[in-house]
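Below you'll find the structures, each written out as structure tokens.
Each of the next two complexes has subunit A plus one more chain, namely subunit B in the first and subunit C in the second.
After this line comes the complex of A and B, so read on.
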């Protein structure tokens, strides 16, 4: 059986408490962590809306990059020393103290590059979310819900009962008194 | 009770406070003067490049001073942003973006770095950091070190600025294609905020690592490796530390100027002065620690080659720049900053910061002019006859002043294109700070959720 297609609703709230209330109501209506998302112009303390703790893996990216950079850096310096062996100061051709700086550079460079990739990946950028309203830029809190058709009504009712000033679907506002909105 | 400026406490979440960029006016005398000096600096740079090969490395002695000065001030400033984030110092909220924006002038200094590195003599037969590594040192390795520092700094500025730009641009409707490319469709989900908060710290940590390393290799390759007999393990640390001192001083002076001449000044006040003043005092004391550790070892050991190098940069040949550097980097700041009223007032603290910045110019002159102007680094010692001081030509003076003006203009340009205050961090900070009554008095309550 094919999975039911989910559609997105975006509820807009003036107050953070209302958005938190919407989260509670949506959970009671059977929506899970992966169905709900808060969108705001300010970072609220994690868990302020009752959202689930998000496990991020950003720290693994610099480590992975560092290992790649270390390997490439090692290949560079060891390859250079072996290809043109020059005994300097009676030291071994490949001596760790002599190559440590190059290894540091290679490790750091790759770690920084992988951090950029990690931030994009962990932020789910450039995908973002489907719906956005420019009132969020003015301080409104957006609560995004992914719902299947049978649960659309429950989602809408939860948002309305929590005090949403507007509810937006892909085609625009679905509130009785719609305000200006943009879907991106 | 130390508390933020009233304006910072009254920042609203709705409508969301959105900081603007500054609006420089070319008709303003100071901006016009900076533009003229910057143009002169560019002309001097072109003249220096045009006469490539004449007078060799010595011709780039004062440009090296300009380069190392920018790397010691503009490149040091972003560390203020990182340090305050790492230590969760909410007092620095209005100062973080200001400090970060200095990565733009630090990036521009790369234009100076390339020709200067190209003048360096071969490694074989002279002191060097690279054990005669022939596959890229010192040109490629030094350029790469600076590039990593710049990359980490730009990364920190980017992830810190994206939320502000996205909010500002989205408030005007749909993002254009180039705006979308720059902010990667940022919307402000919980996951994105976590990435932004952690990303600024991770990039900051890498910036610190790259900054220290860049100072290590550049201060050695452009400094002590070119003066026979100058061998110091403390000198690179001294150089990095004075760079942090310069970055702090530059941040303080910039905050003062913003408070005095821009609309964002209402968020900046004595809360920042009190904390930055302590840090500046700490680095001033560390200046003496590092300098004295370096000096007394050579003085007591009395190895002739090391004594000669010390006589060159400190005691005899470049004594005047050393004294001016000593006054500017230690004595005057120390005497002033031990008094609380000086540290607690942004105006007086900025004056001390200005003295520090001037002292740093002379310190960099005494460190890099003798090195870059010394014709023969292929010896173990300077011998008994110390080289003469290498004075600046008119072109050198124009170059030095012109590139300091370029640094200032680059910052002004960046601050006119990007929000000069971190809007999302200020809003976040305002959300978590309250002044409330405690018994019969008032206390300042600060929440630190992460």
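After this line comes the complex of A and C, so read on.
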């Protein structure tokens, strides 16, 4: 049997308390952590709306990057010294103390690059599918819910009962002000 | 007690995006002025390429002068961004919020300017390309990774790329805001692409918070390494006055001294011209001034160490260099100006609360620091080269030329134009960060007073 298709609804709220209330109602209606998301133009403290603690693996990225950077850096400078064996001041061709600076920079540069990749990956960016409304930039708080067709009505009712000023689906507003909604 | 920024979120967005969305007339005037100075600098560079380094005041054995002084100076200024942004992020200092981006942007443009200086200095950049890049694979002509001339670019490139990525990640929420607010279709498309679909989900905000701290922690060691390696450009030579063991930390703390001072100067100017009085308050400048006192005193200690170590070894060449730096013209005049402007004038002034909270006095004192710090690099580089050493039969004294003066002036114009252009394209104060600070600035009563509560995760 094919899995039931899930669709996204986005409720817009004027006050953080209303958004938190919507979150509680949606949980009571049987929606889980992976179905719900809060969207705001301002970072609120984690858990302000009752959302779950976010799990991520961001801390592994810099370590992976650092190892790659060290390996590439070592291959680069050792390879360069072997390829052009200039004896300088009677020192060995591969003189470790004189290349530590480059290994250090290579290690840290790759750590930064991997961290940035990790940040984008863990932030789920680039994102071209999630529902969004420009009113969020004006201070409205969005509560997004992913629901299957049988639970769509319950999701919509929860958002309305919590005081949503608008509810948006992929095709536009299903409550009011359709001209202002956009799907990014 | 910190003064929180208290404006409504919509007002914050409107005020911080005002200069991005609307172009005042003075912007065109300042662009023309800076552009003209830059054009003069470019003309000098073209002359150098066509006719050689005769337009600089070089005389044997002084072949390192203003461009190298400028290189060290601008790399020093670039340390502002990471000092202010990364350390204050790591320590979760609430007052950092309005000043971090200006500091980071100053880092980017001062680094880019610094990177141009060795190209100007060499006069024949295409002949020096092989020092850095392995372009001739077939003949096996590789750069020498044991040379500071390779260490230095590798550190600066790492610092520049890291800072660019750091700024970009921190910019994502403001790019999304600019995307939503832009009325011009070209800008909207540009901001939409750059924002990469950032929506402000709780996950994205959480990752943003961690990213700021994580990237700060990684970039800090790069920040320390960059000016250490710049100091080794000098210290690995055998020239007297250039190879004290204290050079690396002395350069790093000197860079922080001039960099944080430059952040204060730029912040005060931006506050005035972009009308950011609601966001940059006396408290922010006061906090930076307190930081500067600690930094300046540490720098003063290292300056004393450099001087002390130079004399304590009783190495005749080293002592002679210090004598030249102190008692011979023109250094006899420049050295006291350097000490006065970089330390004796500003630091005692900052001890007074009224000075620390005065935008006018903080502007004057921080500009003074950077006049002194530019002279410090000049005093460090040229007298060491100018001193007649053994087996040196042809030697002269360095006299700055008009060409070098124009290059230095153009470098300042380039940085100022860069910062101004950035502020025109994107918010120079991080709107999301400021709004977060407003949420955390809710007050609670303690006895008979109200205290802002700063919550941290």
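The working rule: the second predicted complex is superposed on the first by the 162 of 184 C-alpha atoms of A that agree within 3 Å, B and C clash if a C-alpha of one lies under 4 Å from a C-alpha of the other, contacts with A are read in each partner's own complex, and residues count from 1 in each chain.
As a convention for this text, a contact is a pair of C-beta atoms (placed from the backbone, for glycine too) under 8 Å apart; a residue touches a chain by one contact, two chains touch by 3 or more.
Quick caveat: nothing in here was measured; it's all calculated off a predicted structure.
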| item | value |
| --- | --- |
| Combined model on subunit A where subunit B meets subunit C, clash or fit | clash |
| First (subunit B), second (subunit C), both or neither touched by A:140 | first |
| Subunit B versus subunit C as contact partner of A:123, first or second or both or neither | both |
| Partner chain in contact with A:11 - subunit B first, subunit C second, else both or neither | neither |
| A:58 touches, of subunit B and subunit C: first, second, both or neither? | both |
| Touching both subunit C and subunit B, counted on subunit A across the two superposed complexes | 37-46, 51, 54, 56, 58-59, 62, 76-77, 80-81, 84, 86, 88, 91, 95, 98-99, 101-102, 104-105, 108-109, 111-113, 115-116, 119-120, 122-128, 132, 134, 136-139, 184 |
| List of subunit B residues in touch with subunit A within their complex | 12-16, 18, 129-137, 141, 144-145, 147-148, 151-152, 155, 159, 163, 167-168, 170-175, 180, 184-199, 202-203, 206, 209-210, 213, 217, 424, 427-428, 431-432, 447, 449-450 |
| Subunit A residues touching subunit C - in the complex, by the definition given at the top | 37-46, 49, 51, 54, 56, 58-59, 62, 76-77, 80-81, 83-84, 86, 88, 91, 95, 98-99, 101-102, 104-106, 108-109, 111-113, 115-116, 119-120, 122-128, 130, 132, 134, 136-139, 144, 184 |
| Parts of subunit A lying in touch with subunit B, wherever the complex brings them together | 14, 16, 37-46, 51, 54, 56, 58-59, 62, 76-77, 80-81, 84, 86, 88-89, 91, 95, 97-99, 101-102, 104-105, 108-109, 111-113, 115-116, 119-120, 122-129, 132, 134, 136-140, 182, 184 |
| Contact footprint of subunit A on subunit C as seen in their complex | 9-10, 13, 134, 140-146, 150-151, 154-155, 157-158, 161-162, 165-166, 168-169, 172-173, 176-177, 180-181, 196-211, 214-215, 218-219, 221-222, 225, 229, 232, 432, 435-436, 438-440, 455, 457 |
